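Naming follows writing order (A, B, C and D), and every chain is counted from residue 1.
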Amino acid sequence: MTGYTYTVFIILIPLVMFLVTGLLGMKWKPIISGLLGTIGMGTSWTLSLITAASYFFGHHAEGFQTIIPFEMKWLQFTDSLIIKMGILLDPISVMMLVVITTISFMVHLYSIGYMHGEVGFQRFYAFLSLFTFSMLGLVIATNIFQMYIFWELVGVSSFLLIGFYYQKPSAVAASKKAFIVTRFADLGFLIGILILSFITGTFDFGKLTEPGTAIFGSAASMSFMGISAMTWAMTLIFIGGAGKSAMFPLHIWLPDAMEGPTPVSALIHAATMVVAGVFLVARMFPVIHFQAPAAQEIIGYVGGFTSLFAAVIAITQYDIKRVLAFSTLSQLGYMMLALGVSGYGGEEGLGYMASMFHLFTHAMFKALLFLGAGSIIHAVHSNNMYDMGGLRKYLPITHITFLIACLTIAGVPFLSGFFSKDEILVAALHHNKLLFAVEFIVAGLTAFYMFRLYFCVFWGKDRHYHHTPHESPLTMTIPLMFLAVASVFAGYLPFTELVTSDKLGFESEMNYMVAVPSVLIGLLGIGLAWILYKKESEVPAKLAKSWGILYTATYNKFYFDEIYLFVTRKIIFNYISRPIAWFDRHIIDAFMVGIGLTTEKVSYKIKGMQSGQLQHYAFAFVAGTLALALSMIYLMM
Amino acid sequence: MIQGIPLEHFLVVSTIMFFIGVCGFIIRRNLITMLMAIELILNSVNINFVVFNRYLYPDQLQGQFFSLFIVGIAAAEASVAIALIINIYRNVKNIEVENVNEMKF
Amino acid sequence: MFYLFSGIILICSLLSITTRRILRAAVYLLCVLLATAGLYFMLNYQFMAAVQLTLYAGGIVVLIIFSILLTHHISHRFQHPNLTKLIMGIGAATVGIGLVLTTILSHSFQAGTAPELPVDMTVIGNQLLSTGKNGYVLPFELISILLLAAMIAAIVVAKKEKNKNSEI
Amino acid sequence: MNILTLLVLIPVLTMVVVLFTKDYKGARLASAIGMGIELIATVYLVLAYLAARKTGMMHEMLFTSDFMWYPSLNIHFAFGVDGIAVAMIGLTSIVIFAGIFASWELQFLTKEFFVSLILLVTAVYGFFISLDLFTMFLFYELALIPMYLLIGLWGTGPKEKSAMKLTLMLMAGSALIMVGILGLYYNSAPGGGPLTFNIIEISKISIPVAAQRFFFPFAFVGFGILGALFPFHTWSPDGHASAPTAVSMLHAGVLMKLGGYGCFRVAMFLMPQAAQEMAWIFIILTTISVVYGAFSAIWQTDLKFINAYSSVSHCGLVIFALLMMNETAMDGAILQMISHGLMTALFFALIGMIYGRTHTRDIRQMGGLMKVIPFLAVVYMIAGFASLGLPGLSGFVAEMTVFVGSFQHQDMFHRVVTVIVASSIVITAVYILKVVGVLLLGPLKDQHHADLEDAKWYEKLSTVTLVLAVAAIGIAPLWLSDTIVASLKPIVARLAMVIPF
C-alpha cells in the first residue's frame, strides 16, 4: 500500500509554489513565477496521471481498495475525535485529482498568455497555486474535518482570486459576497460535522462510509424538532456543499464571481471548486443514502430546481461569462440531482456514477468554454455578447473549440456530454419521474442558451472593435485544443467500471428510450437558437417584449440579489447590528458611565455639607452622639 | 457638708451645665466665647468625676486625679487655642467663626 | 449651701453664653468656676478646689481676658446669634439634657460604703509620683510633656510672622 | 536560579536600565534588548518545560519555589507553572517583544513609557507564575496601575476619560476578586488548621458548598470584567481606542487573558461545585457576548472599535468554552486565548501603524490602501483571516476545538448554545471582510494617502513576529494542544468529580 507515497508531492508541489511565488515572487520578473507555477503544476499533473493509471488500471479484482498512503495526526480533540492530515485514494478522489490537476495545469498555461502584462502577475500565480493546493487537499481528505479545513482554504483562495482586481469595487464586492455566502453555508457544514461527530465519535471517512457500520447506532433515538439527528446532520452538511456548489438559494455568489479573471472562472467557478459540494455529497453518499434518506430527497429536489432555475435565467443574460456561470449552475444541479436519485451498489448506483461522470466531462467542457470565452474577451475587451459578432473569421481556433464545447454541453451524440447527461436522465427516470421531466426540459434549454451565445458571438454582423480581433497566443490556444480533445473523448472512459458507489464495476447499456428524445430536444434547442440568433433579427427582442414581466424578472435573476441585499443590508445591518451597536453605547455603556456620573453628582451634592463652619460640625457631632446614644438605649434593648 | 444632698442633684447640675456649654459652643459666633463654652463643658465633666469619686468610691482618688489631669489638659488647650485665636485674628482681622471657613470642600 | 452654688453655676453659665458683651461673659465664666470650686470644698476635696481656683479661675480666665483685650474693643457687642444655629444649639441641648437626665434619674446609684480616704497633700503627692498601684507617674509625665508641647506650640503659633507674605 | 524568578527579574532589570538611559533611542534599545532576552528566556522555559514533562515529571506544577513573605497571614511568593501558564507566558513574551517594536518611534516621554510598559509586563509575568492567590492578586493590581498612566498620558482622543473608565471598571472587578480571594482564604481550612492562599493546597480540599455559592460569582465576575464578560465589557472599546499602540496590543493581547486565566484558575478550579451550578448563567451571558460583540463590530467605523468589539466576541468565546468544563472545550479556550492574544495584538499593531500614516482610524475616510502600503495591507488581511478562522492560522484551531469540545456535551442546552456561538464565525467574516474591503481594497479614496510609506524594518519585525506565531500555531497545533491538555487533566478531573446539576 505504500506504493503511492509519491502522491504527497502532488499536493506539496502547489504549496511550495505558493510559498515561493508568494514570498519571493515580487523580486523576480513576473514571467518566472508563471513558468515556475506552470512547471510545478505540470509535475503534479503528471504524478496524478501516473497515480490514476496505476490505481484504475492496476490490480483491482475485487473492487477498488481505499488506500491511505500517508496520514499524520494534526490536532487531537478527544481520544476518538482526531483531525488527521492524510491522503485517501479511492476512485472519486483519484478522479478528482486528475480533473483538478488537468484543469489547473491548463489554466496555468493559459494564464501565461492571458494575464500577460497584468499588474500582480506573480500574485495571480501564487493564488492559483494556493487554490490548487487547497482543492487537492480537499479531495484527498481522509476525514471530514480535514475536508472542512481545505474547504475553508478553497473558499479563501476563491475570495482572493475573485478579488484579484482589487481596485475595482465590483470585484471587491463580488469576492466579499462569495466568501460570506459560502461562509454561511460552511456554518451549516460545521454544525453538520459537529452533530455527526457527536453521534459517531469519529471524523474518519473510512469509518463513516463503511457499509453496514454500527457507529450510527445511537442516532436513531436522537431527534431535534421532530427531525432525526442524522437528517439534520446530513442536511446541514449538504447546505455546506450547496454553498460551495452554488445550489439554489445560495447560488447568488456564483454569477458575481465572474468578476475574477477568466482563467480563474474556468478553474474555480466552473471545473473544480464548485463541484466540491457535489464531491462532498458523493463522499458522504453511503451515510446520506442509508442514514438520512430524507436529506437525499432534499438534495435531489434542490439539484433539480437549481438546474431549471439557472437554465431559465441563462437564456436572458447577455454577459458572456454570466451565461456560462448560470450554465454551470444548471449543470451542477444536474450532478446534485443525480446523487439525489441514486441508489447504492451496482445498477442502483447509476446516479452516483453518472454524477461523477458528468462532473468529469463537465469539468472538461466547461473549462473549455470559459477559456474560450477568455480568449474572446482577450480579443474584444468586452464581456457583453452584443458587442460581439462574426468572430469566427478572426478567432478560428477559439471558434472551433468553442463550437465543440457547445455541442458537448448540448448533448449531441458521441461527444462526452451526451454520455454523462444520458446516464443522469436514465437514473432520474428510474427514481423520480418529476425530476426526469425537469431535467428533460433543462436539456433543451441548455442547448438553446448555449447556441444563442455561440451564434451571437461567432456569427452575425461584425461590430466596431477598437482594433481588429486577433487569435490568442499559443499558450492560450494549446489548452483550448487539449480540452476540446478531452471533451470529445472523455465520454468513452469506462466510468461504470471505475467510479461507482460501491467501488465495484457494473455494466450499463444505452437506454434509447431516453437517449433519443433527449438528443431530439437538444437539437430542437439548437435549431431554435439558429433561427433566432444566426442572423440578426428583431424576433428575439419582440419575444422578450411579449414575455413582459416574466422576461424582466428572469433577466434580473428573479431579484434574488435584491432580496439578499435587502436581508443583509436592511435587516441585518440596519435592524440588528445598528441597534445593537446603539444599545451597547447608549444603554450598557451609559449604565456603566451612569454609575460613575451618579457617584460624581452625589458627591457634588453632599460636599455642601462640608461647609467649613465649625459649629455645623459640632452640631453634627453632638446630634450624632445623641442619636447613637438614643438608639443604643432604646432600640438595642 | 454634703449630708442630705443626693448624688443625682450634682449630676443634674453638671448635666445642665454641660449642655449649656454645648449650646454655647454651637450658637456663639465668637471664638473666645466658644472657648469659654468648652471650659464649661470640661468643668461639668470635672464635677462629675469628683462627685462620683466622693459618693461611690470614697476610698480611692481616681476621680480626683482624672479631674486634675483634665484641668491640666484644659490649661494646655486654652493656651494653644488662644494662640490660634490670636493668629486668626491677625489674618482675618476678627474672630467670628463664620469667617474661618477656609477648610470647606 | 449646695443649692446656692448650683444656682450660681447654672445662672452664670447661662448668662455667659447669652450675654452680648464679651468681658461680661468672661466674668460670668469666672463666677461659674468659683462656684464649682465651692462645690469641691463642700465635697471636702480641698486640693481639688485649690487647683480649680488657681489654675482655672486664676490662670485660664486671666488668659482669656488677656486675649479678649488683645482682640476686642472693650465696648464690643456681639451680633445676635443666627437663628438656625440657635435652633440647632437649643435643640441639641434640650434633647441632650432630656436624654441624660432621664437616664440618670432612672438609675439608682449605689453609694460606696468604704471608709473615706483622708485627702491630704501627702497622699496626693505620693500617689502622683508613685509607680505602683494607684500610682500616676506616667500620666503625670505625659501631661507635663503635653503642657510643654502646648506652650511651645502656643508660642510658635502666636509669634508674629516676619514675612507677611508667607502667612497661611 | 529558578527560571521563573528570572522571568520576573529580567523585566525589572530592564526597567532599571531604561531609567538610566539618556534619550529615546537608548530607552527603546534597552527595552528591545531586555525583551529580547526575555523572549529567549521564555523559549528556554518552554523547552525546559517540555523536556521535564518528557522525562516524566508528573507534578501538576513545575519549577516551583516558595518564599514566605508575610507569615502572619501565611502569604507566600509561591511560583510554579503548568502547561497553560507556560503557554500564556509565551504569549506575553511574543506580544511585548512585538509591542516594543511597534512603539519604536514614540518620542514623548519615551523612557517613562517604556518603564510603565515593562512594569505592566512584569506584573503579567508575575500573575501567570503565581501560585499564591494573594501574590497573584498583587500582581493583578500592579498590572492595572501602569495601564492608567499609559492610556492617560500617551493615548489619543478622549484619553483621560477612557483611562478613568477602564481603570475604574477594572478596579471594581478587582474589588470583587478581592472578596472572592478572601472568601477562599477564610474557607481554606474547613477542618481547622492554618489558612492558606496557595492554589494547589486549596485545590486539594473542598471548600464548603455554601461558601462556594457565595464567593464564586465574586471571583468569576471579577475576573470576567477583565475578560470582557457581557455586560461588563464597555471599558474595552473606549480603552482600546484611546490607548497607544503597544498598550492596546498588550492589553487586548495579554491583559484580557488575565481575566480568562483567573476565571478558571481561581474561580472554577477552586470552586468546582458552584461553577457547575452557576455555569448556565454565565454561558448565557457569554453566548450573548459572542454574538452581540460580533454584531456590534459590523456597525463600527473606527478601526480600533471594530477590533475592540471583535475582542469582546472572541474573549466571550474563551469564557464560554471554559464554562463547558470538558477537556476539549477548555483546551480550546486556552488556545483561543493565545490565538486571540496574538492576532489581536497584530491587529492593534497594524492599526497603530496605519493610523500613524493616515492620521485617521475612520474606515470611511480610507480606502484602497493595498496599493500604497502593500506590506501592512497584506499583514492586515492575514490578521483578518486569522480572526475569521482561516485554517492554517491560529484562530481556526482554537475555534474548532471550542466548538467540537462544547458540542460533545451530553446536554441539549449546551449544544444549542454552541450552535448559536458557532454562528458568530459568519458574522465575524462579515465585519472582517467589510473592513478589509473598505480599508484595503477598492480604489484609493484619499489622494493624500497616495504617497504613504510602507512598513519600516521595525514595523516589519514587529508584525512578522506575530504572524509567524499565528501561523505556527495554525499549522502545527498538536504540540501546543497536547501540552495544554496534559495540564488541564487535573483541573477537568476536579470539575468532573462534581455531578452536574
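Keep this in mind: a residue touches a chain if its C-beta (ideal position, glycine included) is under 8 Å from a C-beta of that chain, and two chains touch if they have at least 3 such contacts.
Note that the structure is a prediction, hence the values are computed from the model and not measured.
A.B. asks: Using the mean of all protein Cα atoms as the middle point, what chain has its own Cα mean nearest that point?
C.D. replies: Taking the mean of all protein C-alpha atoms as reference, the closest chain is D.
A.B. asks: Suppose each chain is reduced to the average of its Cα coordinates; what separation in Å results between chain A and chain B?
C.D. replies: One centre to the other, that is 96 Å.
A.B. asks: Take the average of all CA coordinates in chain A, do the same for chain C, and state the distance between these two points in whole angstrom.
C.D. replies: About 100 Å separates the centre of chain A from that of chain C.
A.B. asks: What's the distance between the Cα centroids of chain A and chain D, rounded to whole Å?
C.D. replies: From the centre of chain A to the centre of chain D is 37 Å.
A.B. asks: Centre to centre, by mean C-alpha position, how many angstrom separate chain C and chain D?
C.D. replies: Spacing between the chain centres: roughly 67 Å.
A.B. asks: What parts of chain D, by residue number, touch at least two of the other chains?
C.D. replies: Where chain D is concerned, no single residue meets two or more other chains.
A.B. asks: Two or more other chains touching the same residue: where does that happen in chain C?
C.D. replies: 85, 88-89, 92, 96
A.B. asks: Would you pick out the residues of chain A that each touch at least 2 other chains?
C.D. replies: As it turns out, chain A has residues touching two or more other chains at 615, 619, 622.
A.B. asks: Would you mind giving me the full set of chain pairs in touch?
C.D. replies: Going through each pair of chains, those in contact are A-B, A-C, A-D, B-C.
A.B. asks: Taking the complex as given, what residues does chain B use to touch chain A?
C.D. replies: Residues of chain B touching chain A: 22, 25-27, 34, 97-98, 100-105.
A.B. asks: Considering the complex alone, what residue numbers of chain B touch chain C?
C.D. replies: Counting only chain B, the residues touching chain C are 1-2, 5, 7-13, 15-30, 32-33, 35-37, 39-40, 43, 46-47, 50-51, 54-62, 64-65, 67-69, 71-80, 82-87, 89-91, 94-95.
A.B. asks: Going by the contact rule set out above, which residues of chain D touch chain A in the complex?
C.D. replies: Its residues touching chain A are 164-165, 168-169, 231-235, 237-238, 292, 295-296, 298-300, 309, 327-328, 331, 368, 370-371, 385, 388-392, 396-397, 400-401, 403-405, 407-408, 412, 415, 418-419, 422-423, 425-426, 429-430, 433-434, 437, 440-444, 476-478, 481-482, 485.
A.B. asks: Which residues of chain C touch chain A once you look at their complex with the stated criterion?
C.D. replies: Residues in contact with chain A: 85, 88-89, 92, 95-96, 99, 103.
A.B. asks: For a test of understanding, state which residues of chain C touch chain B in their complex under the given definition.
C.D. replies: 1-2, 6, 9-10, 13-14, 16-17, 22, 25-26, 29, 32-33, 36, 39-45, 47-48, 51-52, 55-56, 59-60, 63-64, 66-68, 70-71, 78-79, 81-82, 85-86, 88-90, 92-94, 96-97, 100-101, 104-105, 109-112, 114-117, 119, 123-124, 127-128, 134, 136, 139, 143, 146-147, 149-151, 153-158, 160, 167-168
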